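Have a look at these structures, which come just after this line.
First chain A sits with chain B, and in the next complex the same chain sits with chain C.
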Partner chain A sequence: MKIIQFEWKKLWKSKAFIAILLITIALIAGLFTRNYFYQDIVKTQKMEMFREHSLNVISQVDADRDTLEEIGEGVDPILEENVELGLSLYRKLQELRAAVDAGEDLSALQLENEAYELAMQYLSKDKRYPLTEIEMQDEVKLNEELLQKELPKEDLQASIQPAVFMKQVMQLLFNTFGFFILVVIIGTPIVKEFDDHTIKLTYGLPISSHRLVLSKWLSMVLSGAIWFGLVLLAAYAVSTVLGKDLANPFEYPLYTEQMTFITMGEYVTQSIFFGLFYLILLMSFFIFLSFLLKSTLVVHIVLLILFVVNFIMTSNGVIHPIIPWSYQELGQAVILSETASWIGAVLSLVLTSILLLFAILTSKRREYR
Partner chain B sequence: MMKLFLFEWKKILKKKTTWVLLILSLTATIGIYFFHLSLANNVEQKVINHYDFLINLSLESAEDSRLAKEKAIKEEDEDLIEQATMEEEHYRTSVEKYQSAKKSYVDEEWEVLYQRELDSLETYAYPSQYENAVFIAEGGGEITNFTLRATFEERKYMLDHKIDPFIQNTIYDMYLRTAYEDFDSKTLEIWEEMTDRYGKQGIYYIYQLIQSLYIPIIILLGCFIFGNTLSSETTKKNNGIRFHQVLPLNQTKLFVAKYLTGYLGILLFFMLMIVAPLIVGTLMHGFGYLDYPVLIYDGYTTEDMWKNAMEDTFHFITLQEYLSKTVWFALAMSLLIYSLYYLVSQFSKEPIFNTIIIGVICFVGMQFQHPYNPFSYLDIDKVISHEIQLETWNTDITYITGIMIMLVIGFIFTVGNYIRFRSRRTN
Partner chain C sequence: MIIITVLDLQQVNKKYKNQQVINNVDLRLDKPGIWALVGPNGVGKTTLLNCICNIIPTNSGKIELLGVSNKEYKVFQQISYLQDNTVLFHYLTGYDHLKYVCDIHKLPKSRIKEVAEYVGMESYLGKKVGDYSLGMKQHLLVAVAIVNKPKLLFMDEPLTGLDPSSAILMRKILLDLERQGTTIILSSHNLAEIDRVTNQIIFLKDGKLIEIDRTEHVETHYHFKLSNYELGIKVLNDSGYSIQTEDKVIKVDVKEEALDQCIQQIQNSGIAILDIQKEVSGSEKLYEEYFGKQD
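So, the complex of A and B:
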């Protein structure tokens, strides 16, 4: 226990860790403020989008009407049908805009679905609409799910709804970039001991290698968990106190890669769970690298390269819930499928133990010189 | 001066970590090439599988028609016989068509495939006034006329100059992805899968690296390895700079020697990191074609993207010209990033922290695109192809302005570095 406290002391004295904690809080607060002021913009953007859609439809209706006038009524029933359909779609879009403008979220959802149904019919008549059928079907499905839970639709990139905001924060911080900065800042005081040769001082103390390695690892895990918890706590606190007041925000549905739904609540709990497992693994990997390479610069560059390579791999589809290092892109890995992968968690633990074991073995190679 | 300079180099070269870092970086970039290569081979295999699938499907249908014909002959139904014969004929020709296309693909007879694509694209790219020119891709996305035109012209140019293409996951038209498409969610995914390009050849791979921000990343990595000539000697544990100060040395010369050493190191590193994947790519799949056409947007004509897709123009430059432009740009950019790194390193001594700080500054800087913001220009590909002008609706962001801004700011930071260095001496 004393050793952990001592490791912590070194870390807190480095200032960088405190800086990252403060910056994180500032970032979350800043993001929330941005989202808060973005609410009106989101609304205008939505209205603008539907205005464009209705302009698109009405221009086609006008063209059809002109043709109809030329050939006379009753000659081409299909054309008349199209005009009729286009007009009802146009009217529906106008209603929808009015509902969005009035802030009637739930009726807007209903109207949006009805509009898309009409638009899909319109598309099937060889007409144009700015959205494709696939896009609209996905949107309709989401809207239905939302209607069932009586939740208003949120912009995933600018929301003050607690659950959605938490997801945005997690996406922003729990990724390649965030984890890399975290491990580097927490780990540098530890790996630096090899450069400064102060690690040799501990060789003179009656501490066994496994105690040395494990306590260093544990202190890193705890520090990482502090940051991790702080992010979640700050995001939750700020959005619950100042954000939208809803009865069941964590019921908000979210598409997985396989186009099924999970709720935000499931998403967040899974992220916490796998995020912690990933932190445990990451820290043990760092400890292993430090004891193996014994040089700050080399450890950093190896880590940087591995992070970049893993990032390239995950963005090119080499990502799977059972691969422990896939959780470097936490949000992406969690959203892969509906159910969490227990194998992934177990494999993380196995890999962690192996890495720690190797770290202990390499730390026995002490070079007393 | 020369002696100081050489001494600085000696210190860098004698450090074992320098070599370890160099070897690691090289291994990584070559490893990424092989990963890229496996992706490309994977896509190639998918295309061939798609051909096989279509061939088999047509063969089965032909067989079914043949059976239907035999049955009809037995029943002596003239109409059915005629229909089944025609169907069989139709499926047999499509089998032949797919087989010959597959053969061309496998044997890399691109001229044949280009010609076929050009025939199918022409009416869509340049529709006559009364034709309906809407072109729907897989997934339902509506491909803009701009993309169709650009793809058509690109293909024509490549046919004329006999240039091999990038690998693309489609057996139909190999679209050139442009900035004019505006897809969402699933449709976007399908579109991207169809238009993602993979270059196996050496120079093609370098071109793709440039598109994915490789150059700023390499410069930053170079700073991490070589940019600590001053900061590594001013830490609490190692304050070697003090030793220089008691020697009869001109402090300005000392600074210049240290500063230039780092800069030269970065330039050499940069060259190495470009040449190494180039050589590996060339050894694996040939050098590629230097007259490959690179799309340059001519800017926007109106404020309406729908209209622009019909009216905006474009032209092509050769890959060679593109690369020479990139080199000049990279030189200016390296000065900017290096001077900033060096300045930060005079205050914070941990190389990785400095790298992160610069990385964050660059990333945040890139979010605010403005002609006078030097970080708007970090995505070289978008600057040279003018894509950035379409994104920001601002034609002031140009190649020349970019170089100027980067050089000026880089120079200011350099002076800042010097001032900071001189002020350190007195305390």
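So, the complex of A and C:
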């Protein structure tokens, strides 16, 4: 515990950690402000989108009407049906626009579903609609979930609903870039000890290798957890105090990669759970590299290469909940499936133990330049 | 009575790439005291101390401190190593350093104040090390090294960068610790300072250690000013003394125990002794013998 205290003192006095905490808070506050002022734009964009849909439909209806005028009524009953269906869809879209404009969120959801039902019928008549049938089915499913939970639909990239805002913040910070910056800032005071030889002060003291390595690792994990917790707390606090006041925001449904639903509550819980396991693994990896390479620059370069390679892999679909380093892109990994993978957590712990063991063995070879 | 060997090096080797810095070194120190590790720059003094304190590994050999292998970290509860000032964190205070070391040694906080007062650094204990002068850093290093009241203390160039008053304080600390039973092994270039604190010298040359008790090699000369210079030379030559002359002063090579007899012989010849001065040849002469005269 005493070494951890000393490591923390070093971290806090190096000021970089305080800077990253303050920057994080500023970033979250800034994002919330942006979302707050974006609400009217979101509404306008939504209305504009449905206006485009309705224009698309009415242009087809007009064309069909012109054809009907040319061939006369009763000649082509299918065409007449299409005109009727098109007009119904057009009217529904107009109603939907009015509901969105009036801020009647739940009515808008109901109307949106009804509009998509008509649009799917319209598509089946070999007519055009800006969305595909699959896209509309997905929207209908989501809307039904929202209606069931009596939650308004949110723009996932510009919401002030606490749960949705938290997801956006987590996506912004709990990723390759965020984790890399975090580990570099937290880890630098530790690896730098080898460069400037201050590690020799500790080496001359009665401290066992395992106590030395574990203390440094634990201090990194705790510091990482502080940042992790601060992100969640700041996002929750600002959106709860200043955001939308809803009874059950964390019930908001979210599609997984398998097109099943998890709630935002489950998303946040799983993100915290796997995020912490990833931090544990990441910090042990950094400690191992530090004791092995004993050079700040080399450790940072190796780490950067590995982060970039892992980012390329995850971006190209090499991502799975049981692969611990998949959690470098935490948001992506969590929504891969409906249920959390305990195997990923267990593997993280096994790998952490192996890396720390190697770090302890490396520490016994106290050679450095 | 069981005598615990303070330091025992057996066949210790340390090689950097193709350079054999420490070459099959054997050394055994059984008695407490102050030992000076002497050798030219780059000969491997710091490497040897680092190996002994397990800061860096040896290539082969066995090292025991106070009868325990240096690989046993617990032995460092009774041992300290004063290293160069690069081991200090420039963004932490002197207090932070001492608190850390006290915490590791499980010592009470009161010990910090005690040791800071002893080395005279209480006025700048709360300042950042980055703002310390070279001498202040040396004081902190000493405080860090002695805070646990070690039985065995290694010091790498403790006299470097010290102003005269700090040098006097350092000498006092060394002699105090020796009196308290601490064995001190210090490396230094300052041969004059070494002569003031110890007679026990270990030369490091070509990766080998040569242990010397300076008292066995010391040459004591007495400088006589006599009422009759020429007669004095004749008397001393006739008595078989080895003499040298310079500016009417006769330099006689005579051991301490034979001094009275020498004086008696001069006085018996009717010559009055106007002045006697003692000169002891120091480490510098021994150093020149081992390493050649330095320009």
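Rule of thumb we're sticking to: the second predicted complex is superposed on the first by the 367 of 369 C-alpha atoms of A that agree within 3 Å, B and C clash if a C-alpha of one lies under 4 Å from a C-alpha of the other, contacts with A are read in each partner's own complex, and residues count from 1 in each chain.
Keep this in mind: a residue touches a chain if its C-beta (ideal position, glycine included) is under 8 Å from a C-beta of that chain, and two chains touch if they have at least 3 such contacts.
All values reported here derive from a predicted model rather than from experimental measurement.
J.: Let's test your reading of the overlay: on chain A, do chain B and chain C clash or fit side by side?
T.: Superposition result for chain B and chain C: fit.
J.: For A:305, is the partner it touches chain B (first), chain C (second), both, or none of the two (neither)?
T.: Touch status of A:305: first partner only.
J.: With both complexes superposed on chain A, which partner does A:132 reach: first (chain B), second (chain C), both or neither?
T.: first
J.: Using the superposition on chain A described above, determine whether A:6 touches chain B (first), chain C (second), both, or neither.
T.: Once the two structures are laid over each other on A, A:6 reaches chain C alone.
J.: Check whether A:206 is in contact with chain B, with chain C, with both or with neither, and answer first, second, both or neither.
T.: A:206: touches chain C, not chain B.
J.: Between chain B (first) and chain C (second), which does A:354 come into contact with in this model arrangement: first, second, both, or neither?
T.: neither
J.: Quick one: is A:26 in contact with chain B, with chain C, with both, or with neither? Answer first, second, both or neither.
T.: In the superposition, A:26 contacts neither chain B nor chain C.
J.: Look at A:196 in the shared chain and tell me whether it touches chain B only, chain C only, both, or neither; answer first, second, both or neither.
T.: Both chain B and chain C are touched by A:196.
J.: Using C-alpha centres only, what angle sits at chain A with arms pointing to chain B and chain C? Round to the nearest 10 degrees.
T.: 90
J.: Quick one: minimum Cα-Cα distance, chain B versus chain C, in the superposed arrangement, integer Å.
T.: 8
J.: For chain A, what residues appear in both contact lists, the one with chain B and the one with chain C?
T.: 196
J.: Enumerate the contact residues on chain A facing chain B in the complex.
T.: Interface residues on the chain A side: 16, 128, 131-135, 138, 181, 184-185, 188, 196, 259, 295-298, 300-302, 304-305, 308-309, 312-313, 316.
J.: Can you tell me which positions in chain C touch chain A when the two form their complex?
T.: Result: residues 50, 53-57, 73-77, 80-81, 83, 86-89, 91-92, 96-97, 100-101, 103-105, 144 of chain C touch chain A.
J.: Please give the residue numbers of chain B that touch chain A in the complex, ascending.
T.: These residues of chain B touch chain A: 17, 20-21, 24-25, 28, 31-32, 35, 39, 134, 139-142, 183-187, 217, 221, 224-225, 237, 350-353, 356.
J.: What part of chain A is in contact with chain C in the complex they form?
T.: 2-3, 5-6, 9-10, 13-14, 196-198, 200-201, 203-209, 365-368
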